[in-house]
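The same chain A turns up in both complexes below, where it pairs with chain B and then with chain C.
The block that comes next holds the complex of A and B.
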């Protein structure tokens, strides 16, 4: 994907994002994925980790918020192109003179931005229901981590969406992909609990580095160089995701415009 | 006699076809992803979280709780979607237009999921033995099998009730996901019930699964069928109550939807 297109068509990105957000608010499943599921997971984790002490309140807030981000990315952003196909609008969208990936970027940006609310929901729950006093240790670094997390998740979504459209056999596994990433990314417990062979899998997942950065900056558990490394990994993986996504979009658009076979698969 | 044969056939055809349709005409990949890998991943997540929260010595508590809770994949998702999909796919008006026996029609939607859900729990217990060293050497396996069957039945009964709600709302995915995840909390699969405030314990005691999970834990610890039978009877009773409420709601929603002509508009 040409990153310059995001700046050139910034108004499109924002307009698509705005329309997507409006549509999302009317979808019951999305409300569940963004608000209810993270809230229930937060409630469960708060009960389970209660004996670990008050420090875990913030850990659960961030971790359960990340589960909301991933579920939203997998089920909503992952289907952002498929939705257009099912609604019969895909052909119209690829025919407009704006690069298609810019439109999908705007949609994914709205999905991920809305999912940030799941962290806020968990925060309110932990503060009100469990009476935790939740204070971010490094608020400035946390905000930067959050911004990079959004970028990394949106980029990852751009990779997933065309794969789900073109390779239906992959999309069939969508239901089974939710919890493995919760585990491998260490959202609510450290990956040290997992066998060593799974560690490389965690390292190639942007959600893992997002969890490292957000957990590290919300508490004082990670030194500055660790935080910087997590940021660097998020940027690196985002760039890789965007490059691979660009190839996938080119191939997908060929199938739509020239081959005209996308609808038949 | 003829009526009975017709109703049995209706029951069987309904149960079989709705089940096959649910898994996109029973493609093995869809089934494997939804019914084997997703439950395994969910079980691993909560077992790891639980042992991290407490200690590795409590692993059986989480393995058994989450293995039995897997029945809700069939009981809640499967059953609600079997009923809800009739509406979303546009086949419900035709079904309601037939003189078919509603009892056979309604309970037929759940039958296959009771068998399938129980099988899912057995698979989950196998994962527990293979991956988490769950020790079943002191367990009365036939009693555990009966417990699994009764718990699956009661969970499917709740699924039937939730499925009825899908007849009056377009947000069936919202309903079944919310109920499924609430069961993760309230059933005691992951948190001992005495850690909950009183109002949450009251809700837990009104739900299916709670007693089934407690009975399974006792059986694995070496208890006999006789000692857990009160829990099983209560679990069965809860299932029957939910099933009956669901059936009457199904009948009531059909009447209301037909009178108002809102079957496809909500």
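The block that comes next holds the complex of A and C.
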């Protein structure tokens, strides 16, 4: 892949991302997943933890924002290819010279970027209605963690979308996959509260390391080497996701053209 | 070099049937199809439903992988060099789907221009020009969901021309359009042909194929059964005349009586609400009228006309007579 192609792909990612955001603005489900659901979770958690101090307020803000990110990734990015099929646009996207995974990457970037608004919603709730004074302990490191979180979530979305297309039995578990990740990734409660056997499961989930990095840089709980380790894990898992996703996309695009499943059956 | 070369293309669909006892059913969509389309030619592919037209177009546009045989589009193999083919082709499948209804016409075009790798500076100029060409000037900022079916079809044309492809595949592009919309669309196709684009068109409307196409392949049951110019195809029925009889709720037994007449080649029926138009192909011409009317005795009849055969009559004869 040469530099010119990379530039062209990046330009496509940005255009796809921008137009996907415009397209999503009128979608009622997106409003629920990005605004209302995190708001409800944040309200519940803030009531439960209201006597625990400002750090817990921030923990809830970041954690409920992560729930919005995960829901968006699971339902919107996970379904992004199937949505195109239902919309009748999948054939048009497969028959363009730009690799299909570049298009899906741009769409996922828009989904994840939009769901960062969940965090902002929770922040406004905590600051305005509960009176928390919310100051990030390491703002610079927090911003880097947030950027890596976006990258890790977009890459993870690229992995699950073709799986949902090819293996419908996996997609049937989509709803059941939402809350366990909230818990396993430690969005709202430390995973130390969970049984030991669940810990390896948490470690292989990019959302867990995102939660570690974001919680660790918004409050003062995590030393620098812990933050760096979480970043490294996010990058490692993202690279693995991208490599596996690339293979999956190649196989999926061959299979749908053999099975004639680009259109709705 | 031909723009499109198709050699013994064959495609089988496999479907799983049954819930407990599962078995695989194979359906041959395209049996053995071969043809070639020259540069700048407007080539028609005609055939009844299920004949394999859309499957053939989808294989040529890299959306389906052939079971066997090969095809080259723009000189490139549709399976091994799919990406090179994609850079050179545009396609439209009939119907309203395939666009983002919550986006404006402009945003749809900007999106697809980006996917075809069109430089943003070029697409900024090309999008208004294409909207003008398809008669959508001033409507580009409206959401596509509010467009009429004809406008959506015309936006599809603009979408498919964004990267200025040399070869176009139009699969039943006028289906569902009102007569005015369909006429405007046919003019767009003629304009594209005048720009030396190679066009492969599938349609169910014979007059459309007759008016537009340089050559036509008629396919049926997965194979090419005739390939000629429209006037060449009409020679298949040059020995025939057509007796058109307007009826109002004619009984099927009466129509079967007409079919059974020894000098009748075939009978096709066009339904128009309460009225039907029986088209009786026969070598006898006007002499056949009394016996045809006798077979329809007791039915409510309208006008009776004897005319020369058209491409549609040739098509009806080719694909198996009675429609």
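One rule holds in what follows: the second predicted complex is superposed on the first by the 249 of 265 C-alpha atoms of A that agree within 3 Å, B and C clash if a C-alpha of one lies under 4 Å from a C-alpha of the other, contacts with A are read in each partner's own complex, and residues count from 1 in each chain.
Note that in this section a contact is a pair of C-beta atoms (placed from the backbone, for glycine too) under 8 Å apart; a residue touches a chain by one contact, two chains touch by 3 or more.
The structure displayed is predicted, hence computed values, not measured ones.
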Chain B and chain C placed together on chain A: clash or fit? fit
(message) According to the stated criteria, A:8 is in contact with first (chain B), second (chain C), both, or neither; which is it?
(response) second
- request: Would you check which partner chain A:66 touches, where first means chain B only, second means chain C only, and both and neither mean what they say?
  value: neither
Under the stated touch criterion, which partner chain does A:169 make contact with: chain B (first), chain C (second), both, or neither? first
- Message: Applying the document's definition of touch, where does A:43 land relative to chain B and chain C: first, second, both, or neither?
- Response: first
After superposition on the shared chain, which partner residues are touched by A:184: those of chain B (first), chain C (second), both, or neither?
neither
| query | So, does A:74 touch the first partner chain B, the second partner chain C, both, or neither? | reply | neither
Superposition result for chain B with chain C: lowest C-alpha separation, Å, rounded to 12
Chain A residues where the chain B and chain C footprints coincide none
Within the complex, chain C is touched by chain A residues 8, 11-12, 15-16, 19, 22-23, 25-27, 87-89, 91-98, 103, 254, 257-260, 262
The residues of chain A that touch chain B in their complex are 28-29, 31-33, 36-37, 40-41, 43-45, 47-52, 169, 172-176, 178-180, 182-183, 188-190, 193-194
Within their complex, chain B touches chain A through residues 27, 29-30, 32-34, 37-38, 41-42, 44-45, 48-54, 169-171, 173-175, 177-178, 181-182, 184-185, 190-191, 195-196
So, in the complex, the side of chain C touching chain A is made of residues 13-14, 58, 61-65, 83, 86-87, 89, 91, 93, 95, 97-100, 102-103, 107, 110-112, 114-117, 120, 159
